[in-house]
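Sharing a structure with you now.
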Amino acid sequence: MDSLELSTSLSVDKAEKKNQSIRVRLGRLRDSVCESGIFVLTASSAIIIVFIFIFILIKSWNIFAVNGINFVLKSGFDQQIIEAYHAPADKPVWHFGALGLLLGSGLTTVGALLLAIPLGIGTAIVITELSPRWMKGLLQSFIRLLASIPSVIYGLVALLVVVPFIQDNFITSELQLQYIKQFQLTGNSLLAGIAVLSIMITPVIVALSVDAINAVPHRYKEASLALGLSHWRTIVKVIVPSAKSGITAGIILGTGRAIGEALALSMVSGGIGNIPNPADGGVFFLTPILTLASAIINKSESMSVPSINAALFACGVLLLVTCTTLSLFTKIVERSIRRREGLE
Amino acid sequence: MVKKMLTIIMIAVMALSLITSVSAASITVKVDGKTIALDVAPVIESGRTLVPIRAIAEALGADVQWDDATKTATVTTVDKEVSVTVNKSSASVNGEAKTLDVAAKIIGGRTMLPLRFVGEALGAKVDYIDATKTVTVDYFTDMSGTIKITGSTSVQPIFQSAADKLMAMNKGLSVTVAGGGSSVGLKDVASGSSNIGGYSTELSSSDRTTYPDVVDTKIAMDGIAIITHPSNPVSNLTKQQIFDIYTGKITNWKDVGGEDAAIFVQQREATSGTNKAFKELLLDSIDKTKKATVVSTATPHASSGLILQAVASNKNAIGYESFGYLNSTVKTPTIEGVSATKANALSGKFPIVRPLNVLTKGSPSGLNARFINYILSPEGQKIVNDLGYVPLKIKE
Amino acid sequence: MVYSNSGSIIISVKELNAWYGEKKALSNINIDIKKNSITAFIGPSGCGKTTLLRCLNRMNDLVDGFRLTGDILLDGESILSKNRDVIELRRKVGMVFQQPNPFPKTIFENMALPVKENFGNVRREKLEEIIETNLKAASLYEEVEDRLDSSALRLSGGQQQRLCIARALTINPEVILFDEPCSALDPISTMKIEDMLMELKQKYTIVIVTHNLHQASRIADEVAMFYEGQIVEQASTDVFFSNPKTQLAQDYISSKFS
């Protein structure tokens, strides 16, 4: 290599280096712009959420000021709404008790979870471990479809299928007469609510569980099989426990959907905030109920009355508090699981 | 010869003048594209067409009054009042004096009014097409802009059909119709978020005090029928029985002549105009203290459609429903022996009848008025009738 | 026992051919594994040594499109026959994998799971005894005895691999298969495991796949060299390294040792 060549190649090198450093700097600039952009978006959505909280709290403040803790300890929401609606403007009704609604939300959600968790995890196991490859895809797209069906469709189907089924199979006219002074046994009930909710949240649990199970490293499965565990015991003892945090996330997401579901439940659960009585035996499940979210929908047309407006916002506060608690709870559960597994 | 010539000319002139009156007989009048059948032929006077006004005015949703003492015809729509007196060149539009270039006349015992003046005073576009000898009056085909309607779900179907028909005739017109219940309609109109509100009962005096600038216009009548499942053997209920059922005193069908089964009372949510009308027209007519309330076990429904569906699918249910929503999926027992028909509602024999009103902020005007006039026109009232409600102006 | 020609032979592979889909992975494999010895499978990557190893406890059953012909005998009985209980086979033929694969559970649970699953409800004291014995056999006990209830994933790579070996021992296998057990480990961990393997062969038969010829020469009694799906040479370790018969083996040894 003669000197001329050397110097050209050096200067080319230098130019290249300069170019490169410019590229690097440009790249860094782009990164920092992206990062700060994302930060601004995140911050603003956090601020929006905080504002929503504050807004709803302000809107409902009077209810909590007047009723205090009794808002969640007393019942009779439906009649109170009617009274408030017909109350003269100078004597507004401010006393509300949402215990019935709170129990309605709680019972439908817990009931739906009891059905949906085994069903959801079972289905996820069938999809990931027990079905041939061609069926996997089919089942998974079917589950995704189910998860994306709007709740009003579930509500309609439940209204036309589940409610008449309950009426025909669990309710006799003697039973109806026996309870008519307390509530109407028509099939629109806690049970119908639980049924439609469990069908609605199962796909959510399935979808997240499938992802979680698929994410379990193949080496765990091999280790287990090589230790003489059958496929089924491997699923029960190794795969599902290893997918615990993802499955839990699915369950909690499903719980969120169940608590927040308004439309389908307002169609099938009866629309009156009765408190089911365990002493009634099976009739416990046949009691018409009303949930927080459904109450907001059903009674929203009465919102022109300020006290009803505030009462419905107070129901919203209860919903928000439950959801926030749930999502914090998820974080805690997930973290403790990961810590126990040694992933953190 | 000259005399002969003069005679010919005179005959010719007379013939010509005859021809002018004869040619007037072939003039057609079209309102919104539809030819109006006139019992007396229009006449042209000094270039102005005089017509028997009634049929044309009614097609525009107007009422025509004739005061024989003052020989004055008054044409009224929800936004205009036009008075024309025979043989006088002065007229009034909404109380304001106007001058006519051709006065109204009585020809052959019929009052003939200047079409262009009356039409334009009502707000229509009037044109004369010489080639076809046609007078066109465009009123409901000459609408543009937007109207937002909310309120009673009982009145909603009327609004919806009227809006569909009008939007088909007018490219620039956009009408949105939503429900929400009567009180939502009242609130929306008062706040200005809707142009027109549906209100399915009488405005109470307290509402009139709270919303002094809201004006109600009656567009139809509606009966509220009691509905049961088609298989329910009960064929008549007294008002007292209905009262007892709805207040929870009677809970078994056998107490009103039916089977031994529980009665499932269905009602509407508190905001419903039908709910309000039912309470005022039935419950309050039995309990004059107006303290009676519907039993707390009654299932509330958010719309007319839902309560109908609930009763149609439960053989022991009872509900109430506006005439406009009735169909064969439910049974309507007679009340005090009177069956739920339009004729009985109009004659006042049927006990639960209410007016269907439209609400506007201030007297209706402009586009809103035209929309209301359409519902009051024969075409609009036909919609009312077809939907099962009771039209105000029944054409036999 | 048609094929059994010596009491000391525990596994006998006969005329084995294997395919992944259309691709042939093993051709005409014949090999005998002697009891209480260490047999090393060596050869370049992709030569079929791991495939054969995974045939010995039928782990390849999990692979879509895998099929084979020929036979493998364990104690004179075919392990490929249709009515052979795979689970029972895997209890007899344990396996330790290339990547340490403890479960995301505590050390104790890792050890207890196979015991409980294979022997039913074992008394707590008995269970603890089994765990202690096998952790000691894998020379891990001293390092973990005071943290049996912490996650196995917090152990170092070498400790994790020794835990996996200890775990494999809990079910009393006759044969333990090692699939490059030290490839992910540092030299000190590797040495510990090699020492352990020398101990373990007193009780167990060991088959190990390794690409490390030094390792093979240090620990193996028998060596089988694979090339393109065939066994090109098999011999006792001394003979193989001092006097390789085939050119391929000579080249491989010299290139790897140089």
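A, B and C label the chains in the order they appear, each numbered from 1.
Just so we're on the same page, contacts are C-beta pairs under 8 Å (C-beta built on N, C-alpha and C of every residue); 3 or more make two chains touch, one makes a residue touch a chain.
These numbers come from a predicted model, not from an experiment.
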item	value
Apart from chain C, which chains still form joined groups through touching	one piece
Maximum centroid distance from chain C, chain identifier (CA atoms)	B
Chain centre separation (chain A, chain C; CA means) in Å	47
Chain B and chain C, separation of their C-alpha mean positions in angstrom	92
Chain C partner contacts - residues on chain A that touch it in the complex	133, 217, 219-230, 233, 237-238, 241-242, 340-343
Touching residues on chain B, where the partner in the complex is chain A	180-181, 183-184, 187, 206, 210, 248, 251-252, 260-265, 269-271, 293, 296-297, 299-302, 313-314, 316-317
Residues on chain C engaged by chain A in the complex (per definition of touch)	57, 59, 62, 64, 87-88, 90-91, 94-95, 97, 99, 101-106, 113-114, 117-118, 150-154, 164, 167-168, 170-171
Of all residues in chain A, those that touch chain B in their complex	78-79, 81-82, 85-86, 88-89, 163-164, 167, 173, 176-177, 179-186, 188, 266, 270-272, 288, 298-299, 301-302, 304
